[in-house]
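Here come two complexes built around chain A, the first alongside chain B, the second alongside chain C.
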Partner chain A sequence: MTAETMSIFSPKVSARFDALVEKYPVRRSALVPMLLYAQDEIGYLSDAVIAEVARRIGITELDVRNVATYYSMLRFKPAGKYNVQVCTNISCMLRGAYDVFEKFQDELRVGHKGVTPDGVFSLEEVECIGACCWAPAIQVNYDFHDDLTPDSVPGILAQYRQKSEGQKNA
Partner chain B sequence: MADVTFTVDGKKLTAPAGTLLIEACRKAGIEIPAFCYYPGLSLQAACRMCVVRQEKVPKLQTACTTTVAEGQVFTTESPEIAQARKATIELLLGNHPLDCPVCDAGGECELQDMTFKYGAGESLMVDAKRHRDEQQWSPAVFYDRPRCILCYRCTRVCGEGMDVWALGIQNRGVTSVISPDGGDQLDCEQCGMCIDICPVGALTSGSYRYKTRPWEMNHVSTVCTHCGDGCKVTLGIRQSSDGSEIIRADNRDKSGINGDFLCAKGRFGFDFVENTERLTAPLVRNAQGKLERVSWEHAFRVAASKLKEIRDTRGGAAIGVIGSNHTTNEENYLLQKFARTVLQTSNVDHERTTDYVAFARALAGHKEKSAGLRDIANAPAILLIGGDPTNEHPLLAWTIRTNVRLNRARLYVANHRQIKLERQAKATLRIPSGGYGRIAKYLSAKDSTLSDPAFREALLAEESLLVIFGEEYRGSAVDELVAWGLTLPNVRFSYLGDYSNSRGAADMGLLPDRLPGYVPVSAVEKFRDEYPGLPATIGLNQSQMLSSAAGGSLAALLIVGANPLEAENLDLNSLKNKFVVVLDMFLTETAAAADVVFPAASLYEKTGTVTNTYGDLQLVRKAADKPGVKPDFEILVRLASSMGADVKRLVPFGKNVVKADLGQSRGAQSGEADRHAVWLVANGLEPKLSPFDPLALLDEIERLVPAYKLDRLNLFGGNEVRTEPGFVPVSALTSSGPDLVKPSHNGLFTSGTLGRYSKGIRDLEKHQAETKQEAVAG
Partner chain C sequence: MPRLVSHPDEVKVVSKRFGQGAADIEKYIELGGYEAIRKCLAQGPEWLIEEMKASNLRGRGGAGFPTGMKWSFVPKQSAKPKYVLINGDESEPGTCKDHLIFLHDPHSVIEGTIIAGLAIGSKMGFIYLRGEYRYLLEIMEKAVADAYAKGFLGKNIFGTDTEFQIITQSGAGAYEVGEESALMESLEGKRGVPRIKPPFPAVVGLYGGPTVINNAETIATVPHVINMGGAAFAAVGSPRNGGTRLFGISGHVERPGVYELPMGYNLKKMIYEVAGGVRGGRNLKAVVPGGSSTPVLLPEEIETLGMDFDQVGKAGSMLGSGGVVVIDDQTCIVEFALRTISFYQHESCGWCIPCREGTDWLKKSLTRFHAGFGTAKDIDNIRYLAENMMGRTFCPLGDAAAMPTLGFVKKFRKEFEDHLDGKPCPFAKHGAPELTVV
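Our next item is the complex of A and B:
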């Protein structure tokens, strides 16, 4: 089997990786972007992801882990379908981010880095997401919700739960 | 680069431009502390201990990354700098467990020393310490995260130094940990370099941990007994109830040709000394046919009377002598002298794993053409043909890697299979298995079957070349290769062989057709004075001796430190009805078939010299002491004496034989007892008052072995001394059975018969086999 057919990634991502490793003067420069794309597609950095990325770049799996473990946004366990990331850095904190975070914990019945039993939601307390002007802000996957109060939490969750069920029924 | 002058602490220093400040200062005797800086490894600048003040620079600078330039002014000690270093230590101690009273490194810990010096005795930290349980990564390596100060020395020495890259750093900031490549296991060469290089007690050794306090040990610098590279090894020894035991082996004092390098065998393979199967009393076969413990006197009486009887009734030719690859030069020399003059036989041989005879013949008369390890460390270009240094010659592999990394040496590899050193190679030539004979022709452009002109052209463009070749070369192939090499202007050669003193065994004449120094047995004039009654016939070689003992005329065998029954794959009963005397540490297959077995001391329990495969001669010093054993040298002398031989002719000792200076020539040295002793030893004048002093033979070896013209001051100072095969006269040499040479190809965790008795290296071998299996399965 060729390297292409053994890939755990979709043809589109595979093609993107093929281009990425050639793009930089040194192949390993492609490592972090590759890990981000891989996480988007697979959901987390599984052992298989790490093995394939290492093989594609030509470095050891240990090298990949050395880099990957440095970044808190790269994860090694599956997150929920909707990963709720609550910013608690200074602007958000001053405007009540901890109350929002607590409300999410109460609603979802999970803590920091927790995943709900149905796998729909996961919750994370994160560093600044760059939305200080509209603090407190959260990020759900790549969507932002800002200027929040604890009261806005149930609405946001309901919206995503509905989306999830809609997809399930479809 | 041009020298520049700069000022450090008011002193004017001069160093080549671009030298690291920390190195320039160390050379001038100004110590700048550092945890992460390690000479020869890449720069990390992680620990901030080496900060210094540079004039006109606003912030403190790290001396490990500052390169010196003309006119710079530095301050390395001031209250400001002391405060900065103290603060660094305080931060390091913030999470350090301070379990120094039980830590292996306690007493030889760089963090302890620095804390003592800068006095960070108080801490403003109130946070709970972050504890993690200790992990075992392999039988050799344990990791204790809380003690780790994240200096990255281990990851760099493993990656850059060993080219193994088995250690990494994971996570970030205070949660960072060192992690091994196999998840929670180390899948590597198990060299243990990471343990030695750790400035604290974070990485500890499976064989040493929690055994002793460092200050309870004495340290003896000697030579490793395993492979042919001849690493200096410093043994940590401690008095035990019945002698002294070896606790640890390392080379942190960087003595000798290997610097701080040791492989798994050197570092963990010393434990055979304490193996419970070790023989500790002579054995003699009794009337029931069983080996029985007896007194030394009885064993000597039995062995001597029987050997004497056979010699006197059937002639010396009925006795065979097989020597060892592990015993010292003096013992090998004594053994063949004993065989030739006392037993009156030319049947002398050893287990030949390398064709040193061919090498000596090829280099005879060509001075300064053989390369020692120091030459390899500095050679601008190296051609490696055959061999597998990473597995069979770890120090050679380390030396070449280091040379390539630090000096940009150009390595050319020609091999029939892929070897790891190709990663450092500038060019690689793949040759068919069995195609080594053609290399010389290919290199001189006379063979078209190996068509890679680029490799040849790059090679021939080198102004000087060091040729290292493996045991694939034997007999005339060695001559052809060396003959080709000698057409180049600047060339040197090294020949790779197994075992710690294989080269010495050949050099000392443990050969049926060669006297010491490869002198043919027919040319006996030179030896007449020392060797009365030397038989001038060519004797039987090892396999002839064994087959003759099995069915032919040979009536007795004296076997020293060898296991020919296993090496030659013989029937264990084949020596029945013959009189066999064995000197060994263990009851090997051969010893079990003997009539008399003498328990011999290991290389770590005796004094003498050994010659590594590159021809570097080094001093072996007695480190451990085991009751019930004697060095082979002493056993041979006592055996000769029991046979009624004149011991003084065998070992020149006492003041009538050697010129000994008992103090009358002190002169300028008077009043300085130690310096006087050193001076005497250096000039070969120390009183050799005991027949059991192996060094009493050194004068004779120097006199009779042309290649051994020794610089004694360096030898006794613990440095390696070059032997010079070029001093061997050309006319003296003819061919000598290349087909008898059987390379043993010991790998990282095997060491012939000896390796079987080292639990340390067997455990590592098992660990590596298991991790490989898991990798395949998982």
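Our next item is the complex of A and C:
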């Protein structure tokens, strides 16, 4: 059996990884982005993800774990379908980020790194996301939302909840 | 979509294509794009390095090293391939300028990278974006693909026998990777821990080959330097500080945003005129002039302060990444110092003990202090700790954590003293923070 047929990833992501390892002068350079793209598809770095990434790059699983644990976006257990990341660093803090973070905690009834029981949302307090001039800012997965107040929180959550329902019914 | 701002005092060089759809390659060409590289291909590397030297362009990542000089340090002959590496791991709190460059003008980054490659005789460049900037990475990836399709990248760029390839790369969340040697480690698929220097990257860099590492803003500025001519670019700024800079003004101002102003522009004017003054008519308490790692300045220190590397350095701080964070008089400096050190404690990679331990101890001390359980001796201890981190680590993260802490303690000692004897923070909105670690 070839590596492709044994893949835990979708054919699209699998093909992307085949190309990714050939892209650099050194195969291993694909490791960090590959882990992130793998997480985007599977939800977290499961044992199976680590094993397949290790095999694709040609390094040990321990080596993959050693690198993966360094990067703060990579996680080893599932997050919500929509991971709400609230920046509370200085520029955001000065413009009320902690009030926004508090509002998210109230609305979702989870704290930092918590996942809602239905698995739709998770919440995280994060460091600077590079949106300081449009503070306070958050990211939901990779989408930015700028210039927030606690009042904008319910609307943002409703938007993603709707998206989630839509996908369920589709 | 991040809001764009404008002010009559702005001199739009790097930001002149913002908001004009220049992420589209045809539009970029229509607006004068890819002219600079054609000129460089015709004139050759020696000429272009001289133009860069004449421009007084200094690295926008924070260190302010002259770009032309950096390029000239790369050996002409090398047994190993040479590389250009663009640092788009923008993570310094207070900094969001590269965000706008990738969004509005990705081809300027590509064009600058090709020019840097031509200058040092490299055939390959990497553009590394922080993992959080996924939508910007996708914009960059499309721009690179479009440049390949036009023959601007590849084996024979612009119909010449010069080869240049560009590879885009995503990080996965790590401030430390913004340090140049850690950046190379990350790109090589490793933990982003710094390397010892020397050897410097210009001699032994990525994959062991000579490497030039430039900040994304620096490299996006390069085509404009070539188009304007080095001397004309230098004339826009202040002595030894060529051109303009994207200043990101954030915090307690009426009109936060990224403004492009000439180097040497007065900081007070920047806050009160360009950004509309302190929010809600309050008074200014302090300014962090160049991202969270730069020591804080007091209102009386900014009266005549010109924002360039030399003047801010002379004032005891740094121009850094150009991220100006404005703090009003209702802000607790101890809390601000605590939030700053919490960031560095979180981001310290743990490789060097003074940084790993120092940031952690500082965070613990400041947490206890802000909760009202500090003692007078703590203030001196915080200073002692920070002073002993300075210059004792492989990379500047240790300094980046210690410098602002020292600034806060030195300039706001009175406010630290006000927190003593179990008194709660006079500014705390939600009451004193919970004491979790002692």
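In this text, the second predicted complex is superposed on the first by the 170 of 170 C-alpha atoms of A that agree within 3 Å, B and C clash if a C-alpha of one lies under 4 Å from a C-alpha of the other, contacts with A are read in each partner's own complex, and residues count from 1 in each chain.
Just so it is clear, a contact is a pair of C-beta atoms (placed from the backbone, for glycine too) under 8 Å apart; a residue touches a chain by one contact, two chains touch by 3 or more.
This is a predicted model, so every value here is computed, not measured.
Participant: In the overlay, answer first, second, both or neither for which of chain B and chain C A:R65 touches.
Facilitator: Only chain B is touched by A:R65; chain C is not.
Participant: Which holds for A:I129: it touches chain B only (first), chain C only (second), both, or neither?
Facilitator: Touch partner of A:I129: chain C, not chain B.
Participant: Applying the document's definition of touch, where does A:N89 land relative to chain B and chain C: first, second, both, or neither?
Facilitator: So A:N89 only meets chain C here.
Participant: On the superposed three-chain arrangement, identify whether chain B or chain C touches more chain A residues.
Facilitator: With both complexes superposed on chain A, more residues of chain A are touched by C.
Participant: In the superposed arrangement, which partner chain does A:I8 touch: chain B (first), chain C (second), both, or neither?
Facilitator: neither
Participant: Output the chain A positions appearing in both contact lists, the one against chain B and the one against chain C.
Facilitator: Shared contact residues on chain A (touching chain B in one complex, chain C in the other): 66, 70-72.
Participant: Under the stated contact criterion, what part of chain B meets chain A in this complex?
Facilitator: Going through chain B, the ones touching chain A are 165-172, 179-181.
Participant: Which residues of chain A touch chain B once you look at their complex with the stated criterion?
Facilitator: 60-63, 65-66, 69-72
Participant: In their complex, what parts of chain A are in touch with chain C?
Facilitator: It comes out as residues 23-26, 28-33, 35-36, 57, 66-67, 70-74, 88-91, 93-95, 98, 127-135, 139, 142-144, 146-147.
Participant: Please output the residues of chain C touching chain A within their complex, sorted ascending.
Facilitator: My answer: residues 2-3, 81, 90-96, 98-99, 124, 130-135, 167, 169-175, 186-192, 207, 248-252, 256-258, 288, 292, 323, 325-328, 331, 336, 339-340, 343, 346-347, 349, 430.
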